[in-house]
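In what comes next, chain A is part of two complexes: it sits with chain B in the first one and with chain C in the second one.
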Partner chain A sequence: MTDQRMHDSVSPGRRGSRRLTGKRLVAGMLAAVFGLGAIAAIAAETQVFDPKTREWVSYDRKKALKYYARNNQVPEAFRRQIVPFRTAEKPGTIIIDGNMHYLYLVQPGHKAIRYGIGVGREGFGWAGIVRVGRTAEWPTWTPPAEMVARDPSARPWANGMPGGPDNPLGARALYLYEGDRDTIYRIHGTPEPWTIGLDVSSGCIRMNNDDIVDLHSRIDVGAKVIVLMQGAALYKGV
Partner chain B sequence: MRIFLQGLTGSLLAAGVATAASGPALAADLVVAMPNWPSGQASANIIGLGIAYKFGLDVEVREMGTLTAFSGLDHGQVDVHPEVWRPNLDNLVKKYADDKGSVTVSLRGVPAWQGLCATPEAAETVGIRDVKDLNDPEKTAALDTDGDGKGELWIGAPTWSSTGIERVRANSYGYAENLTLVEAEEEVGMAAVDAAVATGRPMVFACYAPHHVFKLHDIVRLEEPEHDDAKWKIVAPADDPLWIQKSSAPVAWDIAHFHVAYAGALAEDHPDVAAFLEKIDFTPAEVTDMTYALQVDRRDPKEYAAEWIASHADRLNEWAKP
Partner chain C sequence: MNAMNSLRLPAAAAIALSAAAFLGGCVSDPEPDQMARTNLKTAPADLQLLCANAAATSTGVEDTKVLPLRSRQLDSGTYQVDLDAGGTMMSCIIDGEGNVQSVQPS
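On to the complex of A and B.
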């Protein structure tokens, strides 16, 4: 904005100004995929378009599990795909739209690779600019102390769960930093691929393992990550 | 003074323009301040190269902030600032141009606009085309992205003084009641516009022109009642911490302008260059093209400037006419 011209530097990312209230609205997307107006897609929960009945249907955990069991993959909207994406951000930038359950990796030629993501159901709502501070392959997961106290199944892993197919962080983790400080937010894989597209009970930004491996292979440490303000809900830890 | 090269773009690049990145080496004849925003970067390089091209001077284009640039213009370390925004920088203009007389602000200004914008879906599908439409909760509900039933509206970056004024405008018009006003860096706001357009969703946001977003997307400017000084009652933030509640602005922003500014010493030592600077008349469309080229197409400012000069010889000749 014009008054920026009065400042000699750009301000750092801003955090925590908006706590989300009520049920998160999740637009079910797909205008680009199905050629429909997105307005119709907006509802109180994630919705997906059923091409057989040509109706928008709610997409909850039960339906997600059923869909995944039947198709062995998430609905088309949440599958990795190249989409038109006009932006001033340079290729290699990650843009997270938690509201729509999409993560974009900007590509040359006004395109982006779009991945489906799962996000936290509630909690921290913030928008800002961070960067990938470091990455890990098959990362160790250490449950937060309160989870160890609350959840008996987490207790055996109080000192860390080694990386592997059952590890909640999945195949790769991208650790988000603000400057040189770890924000403790992560983009990571998941052993529960059907949760992509949902507001799951816990988790930062989760992607299915194939997608996080793909994203990890394409980005550099230091990559810029823009978290959009709309419904940007991220969890601390996992 | 360097040898003056004419003709091809490559030659232009080799002409007498150095940047700070290439090292100080010998002191240049003139220094052009380069701001950190895209149109300022483009125009600084065009002006620097234009002076080198037309007057055979050795010009350095040096990146610096606005306050440093004005201090440099005052003390003789800087000769030109390519883009001084008014009324935003009127306090600096008053101090150095009006009171001290050490800086001259060119009379020509590029008109700049600020207001509220809508994505095509917000304008066409939801029907938000006028600021009045923001007072309709049924329409603004379509802008909801976090499930609380209220739409969101990006009003600017936390550091911008205009952001507080957008808050005043939201209160004065009344739409603050049914919209959540969101402050975030411009890159976050613009990426949100990109994502909204990519998925065909409606979004309304604070905006200004010239700006590359108008070239990137089919953005609609919301209609507003014309600016009226009598209704624009903004309490100075420095005077009162409760200035937002005490201010009122139920009308459009006034038109702003940005101008080339130059040191008084330049006018004495190089009156021909000062006359050239006074004639520079970039259009808003040209400035939009500049920001798009640098910000979206990621063109190198120096190369872009050389091409611009090569393809706008008539304009350069006009500006340099005695």
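On to the complex of A and C.
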């Protein structure tokens, strides 16, 4: 089985847990490894409009979980929809606005399909111009060695967790390449749909399973992917 | 006099309520595609990319080497987008309609 090793914060059996300990240290180590200067990650506060109270309210993990439990879907802004999109990029191009938690798939006629996404948490955001190198349906997930070392719940899956509804990669994965090199970042589904609209991952772009299946059905391998992320720690492909 | 005051207070309250209702009615809900925002107030993604396209054209740098790095709203209808164009930092001003007003080295 092809190695599906990738970065993500989710580990089986510990979904929803928040790893705050040492995250700044890890971000700093990443910066050192990649030879970057000070990480200028900017923690953006996301707000969503509540049609019932007609007020803008902060949107964080706690509220996201509560909203999803109550409505069985994410807030309107993060649901799939057609939006105007003025661009010179050709149809089929994927544009990711990490700050706003949107992924756009460019369509003809200055339109785009917009999907809600979850992105890298503080220190794990990145930006760049890459491409879809390959795709997979119900991909196997293999935790990185450091996750296996620190997280007992990841150990059973050291050699790979088969695809399925509990797999952190969800229903589909688009593997992002820089030239011919795997970036280790992916656009993938998730068993945690309530995390859409949040900064939660270790750099992967997550979508709810219905949306990643829809996106997967519409794109071609080789599609250009532009990732916009203000204050990103890493730049790929530029 | 007391009777007059007792009449004026409910009338004032009614006027205030009417005004509030009127004003409330004037403030429309955002469209479904505008129901999220962040405190960063970055430029919409399509405007950032229009700036990148303009920067690629003006510098002759391949468009796959031009990336918007940061953006901000200057006023209600204008944004500034800072870009890396193949290693050269560029600054672009664009309006909300997608018209690039300027693009120059920063």
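As a convention for this text, the second predicted complex is superposed on the first by the 179 of 238 C-alpha atoms of A that agree within 3 Å, B and C clash if a C-alpha of one lies under 4 Å from a C-alpha of the other, contacts with A are read in each partner's own complex, and residues count from 1 in each chain.
The rule we apply is simple: a residue touches a chain if its C-beta (ideal position, glycine included) is under 8 Å from a C-beta of that chain, and two chains touch if they have at least 3 such contacts.
Small disclaimer: the values here were computed from a predicted structure and weren't measured.
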Message = Touch test for A:75: chain B only (first), chain C only (second), both, or neither?
response = second
Task = Kindly classify A:226 by the partners it touches after superposition: chain B alone (first), chain C alone (second), both, or neither?
result = both
Residues of chain A touched, compared between chain B and chain C (which is higher) = B
Query = Of the two partner chains, chain B (first) and chain C (second), which one does A:101 touch, if any: first, second, both, or neither?
reply = second
Partner chain(s) touched by A:144 [first = chain B, second = chain C, both, neither] = neither
Query = When the two structures are overlaid on chain A, which partner does A:88 contact: first (chain B), second (chain C), both, or neither?
reply = both
Message = With both complexes overlaid on chain A, does A:129 touch chain B (first), chain C (second), both or neither?
response = both
Query = For chain A, what residues appear in both contact lists, the one with chain B and the one with chain C?
reply = 42, 44, 83-89, 95, 97, 99-100, 102, 104, 112, 127-129, 226, 228, 230-231
Chain A-facing residues of chain B, complex = 35-37, 40, 65-68, 83, 85, 88-89, 112, 114, 121, 125-126, 142, 144-149, 152, 154, 156-163, 180, 182-192, 194-195, 197-202, 206, 208, 212-213, 216-217, 256, 295-296, 298
Note = Within the complex, chain A is touched by chain C residues 27, 29-30, 32-40, 42, 44-50, 53, 64-71, 84, 86, 98
Remark   = In their shared complex, chain C is touched by residues of chain A numbered 42, 44-49, 51, 54, 56, 59, 75-79, 81, 83-89, 95, 97, 99-102, 104, 112, 114, 127-129, 197, 224, 226, 228, 230-231, 235, 237-238
Ask   = Can you list the chain A residues touching chain B in their complex?
value = 1-11, 13-14, 17-18, 20-27, 29, 31-32, 37-39, 42, 44, 83-90, 95, 97, 99-100, 102, 104, 112, 125, 127-129, 226-231, 233
